[in-house]
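Chain naming follows the written order as A, B, C and D, and within any one chain the residues start at number 1.
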Amino acid sequence: MEAADAGPAGPAGPEPVLEAKGITKAFPGVLALDDVSLALRPGEVHALVGENGAGKSTLIKVFTGVYQPDGGELRYRGGPAAFGTPLDAQRAGISTIYQEVNLVPMMSIARNLLLGREPRGRFGVIDAAAMYGEAGRVLAGYGVETDVRRPLRTLGVGAQQMVALARAVSVDARVVIMDEPTSSLEPREVETLFGVIRRLRDTGIAVLYVSHRLDELYQVCDRVSVLRDGRLAHTGPLAGLERLKLISLMLGRDLTEVRAEGLTRFSRAHTRLNGEPVVEARGLTRRHVLEGVNVSVRPGEVVGLGGLLGAGRTETAKAIVGALPLDGGQVLVAGRPLRGGSTTAAIRAGVSLLPEDRKAEGIIPTLSVRENIALAALPSLGRAGVVSDTKVDRVVEIFMRRLRIKAASPHQLVSELSGGNQQKVLLARWLAVRPKVLLLDEPTRGIDVGAKAEVQALIDELAGEGLGVLLISSDLEELVEGADRILVLREGAVIGELSGDEVTEERIMATIAEQADG
Amino acid sequence: EEPQSAPAATSTAGQQVVQSPSGTAAGPTCTLTQFGGTKFDLKTATVGFSQSEKEANPFRIAETKSIKDEAAKLGITNLKVTNAQSQFSKQITDVQQLIAQGVRLLVIAPLNSDGWEPVLQQAAAKKIPIITVDRKINAKACSDYLTFIGSDFYEQGKRAADRMIDALASKGKVAILLGAPGNNVTTERTNGFKDRIKEKAPGITISFEQTGEFAREKGQQVTEQLIQSNPDINGIYAENDEMALGAVTALKGAGKEAGDIKIVSVDGTRSAVQGIADGWLHAVIESNPRFGPLAFETAQKFLDGQPIPDKVIISDRDYDTGNAKDSLGEAY
Amino acid sequence: MNREQASRVLQQHGALMVLGVLVIVGSLAFDSFAKPENAASVVVSSSFLAIIAIGMTFVIISGGIDLSVGSLFVLGGVLAAYGSQYGALVALLLPLAVCGVVGLLQGLVIARTGMAPFIVTLAGLLGVRGLMLAISDEGATTYLVKDRAFATLGQGEVLGLSYPVHVTIALALVAMVLLQRTGFGQNVYAIGGNEQAAALMGVPVRRTKVYVYVMSALLAGLAGALNAARLSSGVTILGIGLELDAIAAVVIGGTLLTGGAGGITGTVAGVLLLGVIQSLINQVGSLTSAFQQVVSGVFLALVVVAQRLLSKAQRLT
Amino acid sequence: MAELTQQRAGRVAVLKPRVFAWVQDYGVYAAVLALLLFNVLFTPHFLDASNFRTQLVQVTPIVIVSLGMALVIGTQGIDLSVGSVMALAAAVVVLYLGYGWLPALVVAVLGGAVAGAVGGALVAYVGVQPIVATLALLVGVRGLANVLVPQLVEFRNPGLIALGSSSVGGIPVIVLIAAALTLIVLFVVRRTTFGRQVVAIGGNRQASELSGLPVKRVLLTVYVISGLLAALAGVLATARLQASDPTSLGMFIELSAITAVVVGGTPLTGGRIRVLSTVMGALLMQLLAATLIKHNLPQSWTQMVQAVIILAAVYATRERGTR
């Protein structure tokens, strides 16, 4: 436990293993990093926090050779360092889990896990049997039990994240960098992850940990650095730093102001609504995935979908908007059946889905923020198929302001925005079509505290205006605070419904466990 | 609208004439016994014809049609025709597959003169006589193949040069519209033309040569560029009629009058002969595609045990203002 | 291979199934179709395309495309024939060296500048054909293969099949191992599947790309050289449109043009499919050239549709 | 002081990519200018008005085909069938010339649309990869054209000939048509819902589907437009040649069109369409070919020089992409 002793290290801790000195990095139109210095010491878990677009991911990419800094110096293990490519950094012992899952979806799970380190047999040829065996063993240690020969894309986002994690940790590393590793993990998996992190720390490895979930930081981190608009706003031990103080540092606002506003923005009481459902799904069935799921949402109601990873929540949402071919079942909007298999029809009827996988299913990377926001609403933003620029500009301006989207200009490419801001762009896209029902699949994943509260407030506000909301979230707290009613899913079937006072984290967990036992 | 250039190969008009009639030639000859084959009945045998290019220009259409018509006339019911669509590798495979289908006689219009090794070996092993038409195969007559029937492309180039020399009175600037690069026909028609000019009319300079790929559109485009940058050109030698006709369209478009620039070409298609009659072309050297009668006649003679010469060169005509109108019916 | 594996292979390879169906139908419809002689001619003539398509498979799996192979094929043949006057070794090595350099240049440009492979290799297609014309006197000179030993490489036979077929089989086996069982193969899949992720996972992206294009060029040159040996001459009018045949074969074989998935068995099946279609058309022996084209176009469309539907059905179960 | 240099470093770093972006956007224009300059200096009679007319007339079919190709490439597709569709239009137009040139033109263009629809349906509804779907069409449609018109047919229809050879105000009619089509496509891409949907689908098809875009319909339409434009190009080329030549008309034009699109800076990875630059790309390739012909370079040199220029032009306008 010697390394742990040096854990919550003060200024007099051991020599830094990885250090940034006065790093500057600019992109067209933005100075993403401005004179940032940060030191990582062996055996510490160092939190890196900040609002969306503060520069966290950029700093990480500078550390790992994805970007070359425009100014400043990198030091690694006591000497100056310059990594030309991620491979260089990896070889030197810096291993990274990036914010967006960065694996190869079409390759098998095992090959993804072991790429570059496959077990060899005779003649230096890959030993397939050994590879599958090893991959299965390693992943089992992370709670992923699956056929490792299947393509990675058949896994849910959470499980993919676990594969990326297992991959990064299983190499010989001195520094492990994690950019929002928990954003798509279940509480159970988060525990697994924390176990791994503590084990790493105890062996003297330095961990740089980025997350927007503040409670997590307090559970595993020793020190914290706060980035604000590309500049270092604070660095120091985490213990003793008040949570609200941390938030005020991130937002750059007064402590008292933040305190006055409180933390979560869900303010409505859980109510029982008795109106006619605006959308009703009956007996949604798809082999191996969904088994007769019934869901209904009334105007002004927030219905939560709970369940563990792979429970079929995403599939349910996709089925409702017609993005998933079904073997059986029907969706009614305001009592009228919806034509199956057509998202266009669903959207026209007023049902929209904010998808879970922002990169693959959400943004159009080659288009600007403006065009991404206007995309779904285009038919209504013009006449006779000709787009009215003024109408588009107005809508874009309204939503960029309302959601506080941080971009150099509406014409900036959406792929250049930080993850959180991309998410807001997508929300804007959906709000712009004025839906009657909004299906939100992990709407606050990867969003900073400020923005998260804004999104939550927005959900409240929209429900207040009579919009029906279906909320899918792995964040139980968010689900409980936000939803009026919660359906718990397991293996593609609804196993329980909680409403009114029953809507608590304990009851959700209990429902899942009950069924598992029975 | 009526197609202006329907083939007229069914009539006996325009029939091929042998320049050096078989049997009387001085060159080496070949008999069935020399070749080592056995006699069979043409009518009941499977006969293969391998065409090299799509039947899409008058020459190829007339050629295939002539073979098919003659076979029908002779009562050969089992004629297999393949088309290599201008891909040489495909032609090799085509012929091999014809052999696999059990043909006893092969008539081949080769896309290329070289590269027939694998086919010749297979055919020789089975003693299948090969008659190549219109282009030669570079191999040994009477052992690798039976004989070649066709025109002499080098000679065609020379004769075109003679016509050009006449037209320009031995001096001036000439442009050549080359055929497709790498093609034997292109090479020989070019060499014949150039050699003759050098030999007989040093006063004529060849100031421009660009490929028109044997196509009308390409001929038009190249000519358009040519008369922009070389307005002083006096004559154009087109290595086939299509390019010549493209050149005519280009000249018309540029406001030239018929006869301003002397055009000589090779082939003898109906449109080109009409072009002479209209005054736009100066002369056309014929290249006669009607190989059917001669090919089957040669085959029959061979099977009957008569000696066959190693090459049967046909005598091609010239078309010029003197005979164009009257010969229109014989052009293909 | 046990029965279960066999059925999985069949299921995964729509092309193989379509090929099987075509062969059966062809044998029933035409007496001479299934004759060993005809089968041999299909196999032999397919072998050159197959060699090229194997290289193309690597390129396409890596997310690229190589349009220069047709030109490299004819250049390889001309160089081999030219080199044969200095002996069999020169005849074989000269085309490999030159084509390898071309592949290296293309690979470097693609990997270093991030220019689209389609365009870089399109320039390669033009430039290499120009080079071929330049060394053959604008295509007028056909070099003949003088060296007997080298000619044997293209014409000799074992077990009723000529050497190029054996070479192709050997290359296909090596390529399979390379693709499935080596780090290089894994890198190729990874780059094609997600280039950015592959780079972050530590795959040497640039180097792998360069290798892939060098390989494709070498194989095209080799196919050209073998073909020259078979034809005993460096024919200059070959290879036009060959790249499209190779791409078609690879894609029919189930390799995704977007990269990241595919394999050698599918490619070989795709090549044979194209050969069989041609052979069937020849069996009829009375279609005009225009109809032949219509038929092969329709055939091609049917094959890709069938292959697509089969692989869709397979994915759903 | 340190702060100041730091700031300047920041500003330079912000500025440098801008210069790069400018070259990327306007590289083709610069290349066209450079080639023009070369010709003015070294090519005799280059400045004649008739010379410019020739170049414009010759480039017209490629420009029209490239416009459709740009749309297809914008969806991350490719259309290899354009040359064969031109041939089909050439065949159809002479077959129906008896009914007058305008009806014949309409039928020919409709034929192109049908061919495009077949390709589009294969791509959008069956899920065949664009390159193979259109490759099958490339083979089959040319065959069909040859079945319809087995060999070159000359025609004397004054209307059609006039379409190919008459001028308005010194500018050939077909050039005016190409210019008008360019403006229309530009408008469609920049200002219409359809245009935005095309690039969105090319940028991320899955996301477009979830955003409720009529993905399949848009894809189908794009291929239909490409077929329409190719057919129109075929009719115009036929009118100019004063003969229908389905055998060789439009051979390899797909490669020229793709080159024009890419040289113009539209990435083959889709998601972006640059209309005017595509036209410039076509002009660049035309000028290049003209220059090489006028200077009477042998074929071997022509092809090698073209290769180098294509590489150089695309290098300047390059965009990082995988294809």
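Rule of thumb we're sticking to: a contact is a pair of C-beta atoms (placed from the backbone, for glycine too) under 8 Å apart; a residue touches a chain by one contact, two chains touch by 3 or more.
Because the structure is a prediction, the values reported are computed rather than measured.
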| item | value |
| --- | --- |
| Remotest chain, chain A as reference, centres from CA atoms | B |
| Chain pair with the higher count of C-beta pairs in contact (A-C, C-D) | C-D |
| Chain centre separation in whole Å, for chain B relative to chain A (CA means) | 72 |
| Whole-Å gap separating chain C and chain D, where each centre is the average of the chain's CA atoms | 29 |
| Separation of mean Cα positions, chain C and chain A [Å, integer] | 44 |
| Inter-centroid spacing, chain C versus chain B (mean Cα positions, whole Å) | 34 |
| Interface hub residues of chain A, defined as touching at least two other chains | none |
| Touching two or more other chains - residue numbers and ranges from chain D | 146, 150, 299 |
| Contacts with two or more other chains, residues of chain B listed in rising order | 54-56, 181 |
| Contact set on chain A toward chain C in their complex | 66, 85-87, 90-91, 96, 98, 102-107, 111, 115-116, 118, 124-126, 128, 167 |
| Interfacial residue positions of chain C with respect to chain B in the complex | 32, 35, 37-38, 40-42, 44-45, 48, 133, 136, 138-140, 142, 144, 151, 155, 227, 230-233, 235-238, 240-241, 275, 278-279, 282-283, 285-286, 288-290, 292-293 |
| Chain D residues touching chain B - in the complex, by the definition given at the top | 43-46, 48, 50-51, 54, 57-58, 94, 97-98, 146, 149-157, 165, 237, 240-243, 245-249, 251, 290, 293-294, 296, 299 |
| Chain D contact footprint on chain B (complex, rising order) | 1, 3-5, 54-58, 61, 181, 207-211, 213, 215-218, 220-222, 224-226, 228-229, 231, 242, 245-246, 249, 253-254, 271 |
| Sites on chain C touched by chain A in the complex | 177, 180-183, 186-187, 189-190, 193-194, 196-204, 256, 260-261 |
